[in-house]
Structures are given as C-alpha cells and as structure tokens.
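Note that the chains take the letters A, B and C in the order they are written out, and that residue 1 is the start of every chain.
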Amino acid sequence: MNAVFQVNNLNKSFGGLTVANGISLSMEQGDRVALIGPNGAGKTTFINLVTGHMPPDSGSVALRGADITRLGPTARVRKGLVRSFQVTRLFSDMTPAEHVALAVLQRTGRSGRVFGNFGAMPDVMAEVSEGLKALGIDHIANHKVSEIAYGQQRLLEIALALALKPNVLLLDEPAAGVPQSDTSRIEEALAGLPDDLAVLMIDHDMDLVFRFARRVVVLAAGTIIFDGTPQDVAKDARVREAYLGNYANARSSV
Amino acid sequence: MQTVFSVGTDALAYGMVLFVISIGLSVTMGLMRVVNLAHGAFAMIGGYIASYATQILGLGYGVAILLAVVGTILIAIPIERFLFRRIYGAPELTQVLMTIGLTFCVIGIANYVFGPTLKTIPLPETLRGPVDLGFRSIAAHKLFAIACGIVVAGALWVLIDKTSFGVKLRASVDNAAMAASLGVRTKIVYAVSSAVAVGLAAFGGIVGAELLPIEPYYALRYMVTFLVVVSVGGAGSIPGALVACLVLGAIDTTGRYLVPEYGEFFFYLAVIAIVCVFPNGILGRRS
Amino acid sequence: MAIQRAIAAEGKVDAGPNWLLRDLMGLAAVLAVAGIGYLLFPNNLALLTRITAIALLVLSLDLVTGYCGIATLGHAALFGSGAYAAGIAAVHFDITDPFAMAAVGAVGGAAAGLLAGAIMLRGRGLAQLVLSIAIVYLFHETANKASNWTGGSDGLAGISPDPVFGIFGFDLWGRTAYVFGIAILAVVFVLLRLLVRSPFGMLCRGIREDPVRVSAMGASVNGTLLRMYAISGAVAGLGGALNAISTQVVGLDSLSFTTSAEALVMLVVGGTGSLFGALVGTLTFMWFEDFVSAINPFHWLTIIGALLIAVVLFAPNGLYGTATQLLHRVWNKR
C-alpha cells in the first residue's frame, strides 16, 4: 500500500463544538473519492484543515509520505496538494490563457520573473494550449474571463488546478452553479482527469457522485461514518439516517 | 505633580473632543462600510456656522450650537443623498477619492468665503476662566468639553443599549441584509445615524474649537486623527472609540508636553504600533 | 516568437497584441511630448522637470495601487526618502555625480518601500489606509527632527551635482536637468512596460483581483507585494533624486501627506492600472495646477475636489481609460 495522501486522526473543536472528530483518510494514486455529508457535517472544515487554512488541535496530514501538518497553505500547494473552489475564484480581467500560463509559471518557479512574457516561452505556450484543449476551452483562450460562460469558468478552474500538476486534487463542488445543460461537460472533464492523480471530490449532486466516484466517504457531525463503495453506501443504515434518506425518498417518488 | 495633573486634564479634554467628533464616524463606518475622509469637514462646517452666529449675528453660545448642529445636518443631507449613496459598496479607493474630493471642495469654499484666518467662537462668561476644584484649578472650557464627552457617551449608550432604535442599529451593524429581512427599515436607520453622526461632528467641532482651532485646513489637518480613532477603536464600537480617544489623547498630549521638539513623531509611531498589533481595532470584532 | 505566432496562426492561443510595437509607440509618444514641451516652454523647463519627477512618483504609485490594488495615501514617503538619500549623499558624503545620486535615490526609495510595505501589509482596508498616512507623517516628523542631516524645516540646501558625463553642467535654464530627467523617465517607462507584462506583473494583477486564488496557486502574496513595494520605492526614489538634482534643494514637502494625496489624485485622473494613464494624469494635473493656481490658489483646491468627484462619478477609469474605451467603441463600429 503506497498512500499518496494520508490524514491521521484529525481533531478540531471550537469551544464546546467539535467540528472534526478523529478523521482518518488515506488515498492512493488514481483514487476517485467522493466526500459527502449533510450540511454542517464539517466538509468545509475538513478542507480547511487539510489545506492548512486552519490548524488542527491534533492529528496529522501527510503527502507522499512526508508530514505536511506544519506547512502553510501555499507550501502545501507547492508540494502538490491543490484545491478548486466551490464558487469560482478567477481573475475577471485576465484571459484563460493567462490563467493557465500563470499556473505553469508558478509551478516551474518562473512566476517571479520581472522580464519576458509567457508568449515568448514555447514550453509554457505549449502547455497552455494543451491544458485548455484538454478541457475544450481553447477556443476562448483569449477572451476575458468576465466575458465567458459560467460553465466554461468552472472548466477553467479545473484546467488551472491541473496546470499545477498536483498529486492530490481536492474538488469543491465542481459543478455547483452550472446550468443542467452544461453539467455533462463538467462530467466529461472529471472523467478525463489524469489516471495517476488522486482526486477527492466534495459534492451534493448524488448522480454526479455515483458516476464519478469509485469510493465514497460520508462525513456527519465531524466524524467519518462510512468509507466504502458507491454500491454499499446506499445500503448503509447510518448513512441513510444521516444523509441519503431524503435523497432515496425523493428518487423513489419521481 | 503639577505637570501630571495638567497633562492629565488636557489629555482627557482632548480625548473627549476627539470622541464627540469621531464617534459618529465610527458608527456610520461600521454601519455602511464607507471609508469617509470628509467627516472632519462637517465638524469644521459646524465650527464656522457657530462662529458666524456668535460673531456676526451676535447670538448666544447655546443658540449658536443649536443653529450650527441643525445647519450642518441640513448641509449634509443633499451631500449624503447625491454623493455618498453612490459609493456605498464601492471599492475602497473610490470611497477614499470621493470623500477626499469633497474635503478639498469644502476647504476651498471655506477659504474663499471666510478667508484663511482662524475663526473663534467666543465662550459665554461661565466657561471663561478657571474653575477651582479645591486642590487645583482647571480651565472651565476644558471641563465643559470633558462633560460634553461624558454626556454624549452616556446618551449614546442609552440610545444604543436601551431603545428599540438601538436594537435596530446594532442589528444593522452586525448584518444589514439580515436586519432588513427581519423587517428593520435599514434606510431609516442609515439616515438617522448619518444625521446624528454629522450633528455630533458639528457639536464636537464647536465644543473643541479651543483645542482644535477652526480654520480652512481643519478638515485635512485632523482627517487622519479621526480615521485613526475609528481604526484603532474598531469601526462601529463605541467603547472601542472611547478607549482609542483616551489612549490617543494621552499619547498626543504627553508627547507635546514632554518632547515638543519631536512634534507628532511619537503619536504616529504609537498609531503604527497599535494598528499593527490590533489590525481590527482594540475592541473590534470583525476578523 | 515563432512558436507563439505559429500557435496564434492556428487560431488557438496567442499572447495578446503586438506589445513591442506598442512599447515603441509609447516611448515615441513620451519623447515627442517631452520635445514639444521643450520647444513650447523653453523658459519653464524647471516646471517641466518637476512634472517629470512627479511622473516617476505617480508611475511608482500605479505599480502599487493600480497593479496590486493597495490604496495608499502615504506614497510620498518613498519619493521623499529618495530625494533625501540623494541630497544627503551629495551634501554629507560628497557623492555629486548625478548618476550616482540617482542610484542612491533609487536605493533609498527601495529601502523606504520595503519598510513601508512591511508595515502596510500588516493591515487591510481602513487599517491599511491609516497605516499609509501614519507612515508618511512619521517620515515627515523624522526628517524634521533629524535637522543635522536633513536641514529640518529649512530644507536641505547646498546640493551641487557635477556635470553629466563631466560635460553638461546643470545650468540656470535647467536644460541639462530636463534632458537628464526625460532620459530617466524614458528608461524607467520602458522597464516598467516590461515589468507589468512579465510573469511577476501578471502575478501582481492576480493578487489585485483575488489574493486567495493566488495563494491557492502556491504563490506567496505578501512576498510578491513586498517585492513590488521595493521596486515601486526605487522608481519613486529616482523621482525624488531627480527633484533633488534639478532644484538642488530638498524640502519637507517632498515627504508630505499632501504630495501623497496629490499623487493619488493624478493617478486616478489619468486612470489606474495603466502606465500611460499615470503619465496623462500627472501631465494634466500639474499643467492645470500651474494654470489655475496662478489665478487663485483657493479656487485650485475647490476645482481639484470637484474634478475628483466628477472623475469618480462619471469617468471611473480616468481620462486615459475612458479615452481608450471610446476609441475602442468607435473602432469596433467601423
């Protein structure tokens, strides 16, 4: 077993409120894990703990065998732990090409250069072109982000994360806010993610979760109450209780 | 001992004047999230009206105060309606520019209408001369300024803690959208607090005229001081503003007494130190 | 370049319009305006040189405010530090070569920029604005108190720079100073054009729009901003040094809140986030000031206040930004 990402016994509480209670999770290369849970289950807290935006009370996070618990958020990104945002956070004045170029430059240690332009750096241009093409947004490479559709912005968000060549990718509701007609594009993009990448996706959309994930982790009240296959998750009594009950009912009533 | 006492009373008087002028700024900045650099201009307008009323019209001190407060509020209404409302929610730079532009205009107009000289507001007989406290005597107008500060702080405390308007105000400061959805008519809350803020600024400008003399560059000269009070105290916090005024008043006055050759060096050094340590204000809540 | 063009030809990705041509056109425009100024106002070269020095201050402010999104009312601290550094080098250390003085000014400005930046980055919003004002006052009071070095409120006099290249002395008409200043401005302008388009410049624009996103890409936000502050300080310091060299005196007003506020007004009038905007704003403001304040200095403040309000309400992109927008609209209609 060669875990690329390992979370050990994370605990966090605010005053008397426990928001993370002994969370442990291990992922290998190529894993496709979905993290689900009812509102207030502690998913956002989990992301903040893992990405280093919030220090845990106890427990550890390891990336490729190295302990990163004490590293700050940017250092973790540089080690290969990259996240996307639930609400797109893009630079409205810049083009998709510039976004991806900036990520490539950052990854390759050239983002601090005070001369030159990525347009004159063949390797960067090649990667930009490739990265945008892989997500099918190369035709809008030179439009301002403020002028492109929201679905395309979400795809760019993924392209941006991939340009950082992560080992572990945390996707925070990648399809949130995208009109139904465009979600298939996002799903295609998710299906096309690199095989050796470990992906942890957080989402509410159960159809998406079931199609994407080969493993489902359920979080409730800061505790992992289920960790298994998508086939088993619906059968689990506790999960039903905590989360899926409403969904199952809603489905059967349709 | 003599020095300690006079530094103490001067610091207290100065701090209280600062408090009366800046408290409105603090509340409106907490409420509307507008960086307002023109607040000192309203204190100055109040001072000019009071000076005009006493010197030219020959009215009494009390009547002049009333006239100045009402007059300043009337002047502020169209400014609020046509200028400030356009910058609520705008980027900070926009707010800074708009309000600094307004300040420049007010200075230019005051300079043109009243000339560049200092304007005095003659004190009534009772406020002239010293008051004997038994063991020391203290200038009556300083005592008056301190009393005004205490009364304003007390009145605001009652208004905000004990009345239904205070409840609405606090709710709007905390979360305007939520307050609105609960049925608070935030527009009225905004309008009333703006008027009170401007009125208090004018009042403070008059009461403090002996310490912060009225002249055209008043609005620019003390702009920083008022902003510092809000920043150090935390926008929207009355106890914070009170603490900030007393601390800043003490630092400024002590510096002037002990090391006058350093000017305001220690004042600004202290401001930088305090703001660096408490970026959200001494008693600020937002993080 | 070849690959860039190849990709562009494929219709996939290109890096924007032809920048080199734009840079050369911009440089030509700057030099042309400088030349016209020289021909039209041969008796007012001192004013033109001062405009050049202030243009460097406003360009430097644009780097911080326009490209990084930091509102500051204390940027003259960097300009004045450069001026005093160059002046003190000349008066107390006998460094009178104009290029050496300019270099000392740039270093002094950069050091002040690092200090100011380190303090400013402690706060956000109102706290940051207050810090910026407190910094410029603190610098001002320090210079006032350290009168042995700075001459205090009398100003630092007795600066007599050597002739440029040992040939062109700083004459009474200010011709040498003007040409020297325009040369510095032209070089700085070209370097800054390269800077704002570089990966570093792109990173700064990213921080202006969303610092959280930038840090999620693994870049250090504060490290980047501090670096930009140092660069900005060097540019402002050059402006200060130029002012010291040309007027041969450094006054406390070069470190004042008023100069800081005026620089911000110039930038906004011209248009933030564009080097051309900074230049246009400086030229317009300074020329206008000279013109109006000759008539009545009181009206000047009223007019500049009204102008500011009007720009905020009706032309938030500044003169240059609004003009280019209009041109684009006309162009697209054709």
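Definition applied: a residue touches a chain if its C-beta (ideal position, glycine included) is under 8 Å from a C-beta of that chain, and two chains touch if they have at least 3 such contacts.
Please read these numbers as outputs of a predicted model, since none were measured by experiment.
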item: Steps needed, at minimum, to go from subunit A to subunit C via contacts; value: 1
item: By mean Cα position, the chain sitting nearest the middle; value: C
item: Whole-Å gap between the CA centroids of subunit A and subunit C; value: 42
item: Where subunit A and subunit B are represented by their mean Cα positions, the distance between them in whole Å; value: 49
item: Euclidean distance of C-alpha centroids - subunit B vs subunit C, Å; value: 34
item: Residue ranges of subunit C in contact with subunit B within the complex; value: 65, 71, 73, 119, 122-127, 129-131, 133-135, 137-138, 141-142, 144-145, 257-258, 261, 264-265, 268, 272, 298-309, 311-313, 316
item: For the subunit A and subunit C complex, residues of the former touching the latter; value: 51, 73-75, 77-78, 82-83, 85, 89-94, 97-98, 101-103, 105-107, 110-120, 122, 125-126, 128-129, 132-133, 138, 141-142, 160, 164
item: Residue numbers on subunit C that touch subunit A, as the complex places them; value: 1, 3-4, 7, 12-16, 19, 194-195, 197-203, 205-206, 209-210, 212-213, 215-220, 224, 227, 231
item: Sites on subunit B touched by subunit C in the complex; value: 29, 35, 83, 86-87, 92-94, 96-98, 100-109, 111-112, 220, 224, 227-228, 230-231, 235, 261-265, 268-269, 271-272, 275-276, 279-281
